[in-house]
Amino acid sequence: MLLQQLINGISVGGIYALLATGYALIYSLLGFSNWAHGEVAMLGAYIGILSVTSLQMPFLFAVILAVVGAGLISVFNEKIAYKRIRDNNSPTMFLMIAAMGLSTTFQNMAIVVFGPKFKMFPQILPVGAVKIGSLSVGLLDLVSLGIVIVVIIGLQYLITKTKFGLAVKAASSNMGTASLLGINVDKYIMLVFFLAGSLAGISGVLYGMKYTVYPQLGNVALKAFIASVFGGLGSVQGAIVGAMGIGLLETLVSAYIHSGLRDLITFILLIAILLFRPTGLMGKDIQDKA
Amino acid sequence: MKPILTITNLHKHFGGVKAINDFSVTLEKGKIYGLIGPNGAGKTTIFNTITGIYDPTMGNIALNGESIVGKAPYEISNLGIARTFQNIRLFGNLSVLDNVIIACHVDAKYGLFEAMTKFGRFKKNEEDIKEKCLKLLQFVGLEEMRDDIAGALPYGHQRKLEIARALATNPDLLLLDEPAAGMNEKESEELVRFIQNIHENFDLTILLIEHHMDFVMSLCDEIAVLNFGSTIFMGSPAEVKSNPAVIEAYLGGEDDA
Amino acid sequence: MSGYVEGVIILVCINVIAVLGVSILTGFTRLFSFGNAGFMAIGAYASAILTTKYGAPFPVALVVGPIIAAIAALGLGKLTLKLKGDYFLITTLGFGESIRLLFLFAEPITGGARGLSGIPPKTTLFIAIGITVLAFLGAWNFLRSKYGRNLMAIREQEIAAEAVGIDTAKFKEYSFMISAAYAGMAGALLAHYYMFISPIMFNLPKSAELTITVVIGGLGSLSGSVLATILLTVLPEVFRSAAEYRMLLYGLAVVVIIVLKPSGLMGYREFSLRPIFKLYERIFKKNDPTQTKGDGK
């Protein structure tokens, strides 16, 4: 029973992790939390589901479209809002406000355009469960967990081993120096937005398949945001750890305490952790120098 | 003369970097001191440690004989140490007058209720503060621009406003971080007179960081030369000029100013 | 006056009070809170429980509600105000949601999801307008005193604010508490106007809406906040639009404003009739060369 819950928790945590890493990537570069990230996932999920149901596309093709589409929407946000705000030298808080505005816009646009109804992905995988000893794991959960693991390993490789990762790291520690070193900072910011958006797209589709697709789907990103705060804003590893932690916590609280207390306990724990570690588990200490 | 500020064996380390390494100095009341040294010698770190932005790794800082280590920046300001910043930090969107008035908040004795209703001491306090601030602005020559937005002032005026704001806190010790930065020769000569004028009128001790050699030499009573976080020499301008160690460490490479 | 118009005016008043609180916090202190709906909830539930379950007179409920909200803000602020930027924001968000979930869960006292009903209808037009005027004047004077100036100093340059001797932690607490007290007052009035409250009325979108209104009115302009609240409360009533179109437009407005004119409707300025007089002078005194200078900036 406990083991079963742990597996459920990790499976939910994996979906959070895909979103949380996006928060972390963007925060590490620009120092703000991209509130519109959840709506990018929601729009990705809609692209996926509409491609399959309305346009009758093959499933795999629809998923690719959803992932690329979400990436492009993420870049669009950067282009029309965040970049301009940075160019204005406005305070960082304005980036968050813009993100909040974008989030509100997309969510309500989805209600207007797609309608408030819940939409179901058609059954792609057989509904069966895989039995391992006394455990039974939903096939979808298993596949989804597999995808999450592959994507996260790929992401780790990308940010620690490639030229792209090094450039992003240089830019995140100091934009000015990075551009002096000949790194086209704006290009990398765009790429990071694309990457983060694509990850959100994957998580949107996975979430939509597990549950349903609806305009407020982006609100799951709140959990992912909390996960990235747990882990320490700007730390990709921290975000993954935080997301898994929250996934497990939620499942365990629902199973053993009371499902009505699930979110309450998450929030209280969040505040408690920040009191002891004001920059999360793995966050860097940001200090404004005089 | 009585010492106003005594720094003994001060250390400040950032990870493995020793930004301040066993720095000691005693400032006597009423004098003007200069702190010079190559870039990265730890000058601004000393200011930040005196004003409580950083806690020292080791050592002591005493104001009028009482240790101020571990106090918050605002407490240190209220004890009588005011400062300016290397990269000017004004309240950019507020008016020139408001920048100075804000620094007088200690003179406003009224409470929250009086503030929200304008009862009691509110009016009198506010009038007194405004009068004090207008005088200050007149003194530094910015009274004409009192309603201008501080962030839009020309550079030289911003420096003066920052000094006026520091003076509004009624300090005993004034720390100036590169007041002549970005100024040409004529402007910095004017600034020397300006600071002398302040020094005479406000009964102050001044400690300043500066790269302009002529500026420091013509203004300061005593100069501490810093390298790698510790004092390599301390003396009068004439002594500093002729000291071989100083010439080697600093004056030789003067062009980095 | 028809009951409908009266209702809209009361609603405007309640929203103005809550927005004034956020304006002080976000517009003047640059602290971003997603928890003010939580403080509204505290004010609403505290006052409603007082009047319905303990038979307390309405004025007592109106005083106690905001005070409890302010005390909650003090407690939260003591713990979280030293956190930086986003970390502070997420704790306010967590707080707001926790309060909502707590009220949802504490069914014996709050009625849970079914809400709390049977609250006496005490919020009259006269009371709503009276309290709004007092709240506005109080905030206006507050911002033009050392308190408001110290907050603006924190907004502009926190390090410099400390360096001129401002206890920034303490003044942030003041700002947070006043903002919570205003939210609590709005909540108390709301409860005694609708006669019914439920946790869903104080959710995250409500907090976001308060912040959105302040941004549209202009960060750092109290009169702008009032103007924006009137606009954003009355327009949807006039056009009878569905909530999603309304929120879609708000979202777009926020993005456009923060990108193109971050100072909002009023910028750092307050609404006054002076520009109108100046325009008048410009038109009718064209022959006077000193008057031809622009007044735009």
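Letters A, B and C mark the chains in the order given here, with residues in each chain numbered from 1 onward.
Keep in mind that, in the parts below, a residue touches a chain if its C-beta (ideal position, glycine included) is under 8 Å from a C-beta of that chain, and two chains touch if they have at least 3 such contacts.
Since the structure is predicted, the reported quantities are computational estimates derived from the model, not experimental observations.
Peer 1: Using only Cα atoms to place each chain's centre, name the chain farthest from chain B.
Peer 2: Of all chains, A has its centre farthest from that of chain B.
Peer 1: Mean of the CA atoms for each chain, then the mean for all of them together: which chain is nearest?
Peer 2: Centroid comparison flags C as closest.
Peer 1: Per the centroid of Cα atoms for each chain, what is the distance between chain B and chain C, given in Å?
Peer 2: 39
Peer 1: Measuring from the mean C-alpha position of chain A to the mean C-alpha position of chain B, what distance in angstrom results?
Peer 2: Computed from C-alpha means, the inter-chain centre distance equals 47 Å.
Peer 1: Based only on mean CA positions, could you tell me how far chain A sits from chain C in angstrom?
Peer 2: Those two chain centres are 31 Å apart.
Peer 1: If I count partner chains per residue in chain A, which residues reach a count of at least 2?
Peer 2: 290
Peer 1: So which bits of chain B are touching at least two other chains?
Peer 2: Residues 51, 53, 85, 89 of chain B touch two or more partner chains.
Peer 1: So which bits of chain C are touching at least two other chains?
Peer 2: 159
Peer 1: Provide the residue numbers of chain C that touch chain A in the complex, in ascending order.
Peer 2: Going by the criterion above, the answer is residues 30, 32, 79-80, 82-87, 89-91, 93-95, 97-98, 101-102, 104-105, 158-159, 204, 208, 211-212, 215, 244-245, 247-248, 250-255, 258-259, 262.
Peer 1: Would you pull the chain C residues touching chain B in the complex into a rising list?
Peer 2: Where chain C meets chain B, its residues are 137-139, 141-142, 145-147, 149-150, 152-153, 156-157, 159-168, 174, 220, 268.
Peer 1: Under the definition above, what is the set of chain A residues touching chain C in their complex?
Peer 2: It comes out as residues 27, 31-33, 80-81, 84-85, 88, 90-94, 96-98, 100-109, 111-112, 116, 222, 225-226, 229, 233, 260-261, 263-264, 267-268, 270-271, 274-275, 278-280, 286, 288, 290.
Peer 1: Which bits of chain B are touching chain C when the two form their complex?
Peer 2: 51, 53, 72-75, 77-78, 82-83, 85, 89-94, 98, 101-103, 105-106, 108, 110, 112, 115-118, 122, 126, 165-166, 168-169
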